[in-house]
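What follows is a set of notes on a single structure, which appears directly below.
Order as written gives the chain letters A, B, C, D, E, F and G; numbering starts at 1 within each chain.
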Amino acid sequence: METGKKPLSFLFKNINSNVKIRLKNDTEYRGVLVKCDNYMNLILDNATEYNSNELVADYGSVFIRGNNIIFISFE
Amino acid sequence: METGKKPLSFLFKNINSNVKIRLKNDTEYRGVLVKCDNYMNLILDNATEYNSNELVADYGSVFIRGNNIIFISFE
Amino acid sequence: METGKKPLSFLFKNINSNVKIRLKNDTEYRGVLVKCDNYMNLILDNATEYNSNELVADYGSVFIRGNNIIFISFE
Amino acid sequence: METGKKPLSFLFKNINSNVKIRLKNDTEYRGVLVKCDNYMNLILDNATEYNSNELVADYGSVFIRGNNIIFISFE
Amino acid sequence: METGKKPLSFLFKNINSNVKIRLKNDTEYRGVLVKCDNYMNLILDNATEYNSNELVADYGSVFIRGNNIIFISFE
Amino acid sequence: METGKKPLSFLFKNINSNVKIRLKNDTEYRGVLVKCDNYMNLILDNATEYNSNELVADYGSVFIRGNNIIFISFE
Amino acid sequence: METGKKPLSFLFKNINSNVKIRLKNDTEYRGVLVKCDNYMNLILDNATEYNSNELVADYGSVFIRGNNIIFISFE
């Protein structure tokens, strides 16, 4: 993995990848990252919601407000 | 779905669509998205309020302050 | 209802209308919206305070700091 | 009461009036509003502190940091 | 007491006075206000810490970060 | 260790080092710091998640949003 | 101690001194202040972590994010 100072550029390179998003309220969203801005606002496609690794909901597209995000992991 | 860097533009394209808004206090609002700005302040028409998927209130138009929003899902 | 991108302009058009204001601490204020700015700081006249739909206090004019507001509904 | 868009100007007009200040931690301060700025930082004279309408403390002058304020009511 | 719009200038005039500082976590600091800026960051000398009016700690100089402050009272 | 005024420059010098990140929700992430910006947004490689010093999850790369961070320690 | 308006300059003068840092989550860090910026981000050397005055951890260098800090005391 390339090293450098720009974590957000890494995020932009992962457009169209599967990601897991952990929010401050401890829920997790999984899906395809289709849009993302500098505030970490993002759109997930085929989004699913997990609570303690249990599937609790199924969405089409969701817009997640960046300031709720703790971390994003990449497969 | 088009990919890109602008999640908010996706929101603006969904003006007049039905949306579900989840807030930080865990309540959910459903209705027609009629107005929206860059802070995610928005106006819903025919707005209803749900708590754990149970209808708890019925409003005409509501103004929701963007900083309370966790996510918005689109049907 | 006119559609567009400016939720705050909708608020300004409702100056002199009856509104309900829900705050983050779950109390509700009802009254006549007489002043409002871009931060959603606002002045209510004939303001009353409700907790779980029960009237708990009666004020003349109140200044509400915008950052406490979750939503505003219009009759 | 004059209508308009500037709730803070209403605050400035009430310099030297008796006000009640409700803070986010649910305590209430009552006193004479002697200074106030755009952040709602303010100085109260003859300030008293109430908790559930019970007097708990008596101060001379207090400086209240604006970002703790929920609302201000005017007699 | 002079009236006006600048609560922070009142704070600056009280440099070298004894003050009580109440923080959001409900602890109280008492001491001599020796430095203060526009964010309400401040330095207290001969600082003591109180919890429910009980002395819990004794410091030399402390730097208090302004955004934790609820109010400052002056003797 | 060099003294000076720039804590963030120290962070940038530790790119490619092993770090421990403690978040506000008390979880800890360990891994190799590969990217970092001025907001303390960062990318960890070979990231692992600990709760009370117990390994709870294993990730490839994670993006951590800087505003959740309490501290970063260096080996 | 010199009086004035700049609490942060006092912090910068204490580079290389022993300090105690109290955070919002009530943990305390002690160590040598080696770097510090205007946001109160700082680097401690020989850092130790205390909880209710009990030593709970020992670090080499730690980077503490300024917005978690309640106060800093100087010996």
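General remarks:
What we mean here is this: a contact is a pair of C-beta atoms (placed from the backbone, for glycine too) under 8 Å apart; a residue touches a chain by one contact, two chains touch by 3 or more.
What you are looking at is a predicted structure, and each value in this text was computed from that prediction instead of being measured.
Note on connectivity: the fewest chain-to-chain touch steps from chain D to chain G number 2.
Between chain F and chain G, the centres computed from C-alpha atoms are 19 Å apart. Computed from the mean C-alpha positions, the centre of chain B lies at a distance of 42 Å from the centre of chain G.
Residue positions of chain G with contacts to 2 or more other chains are 67.
Touching chains close into a ring; read starting at chain F and passing to chain G, it gives F, G, E, D, C, B, A. Listing the residues of chain C that touch chain B in their complex gives 1-8, 10-11, 24, 26, 40, 66-67, 69-75.
By the touch criterion stated above, chain B contacts chain C in their complex at residues 12, 15-16, 23, 25, 29, 34-37, 41-43, 45, 47, 59-65, 67-68.
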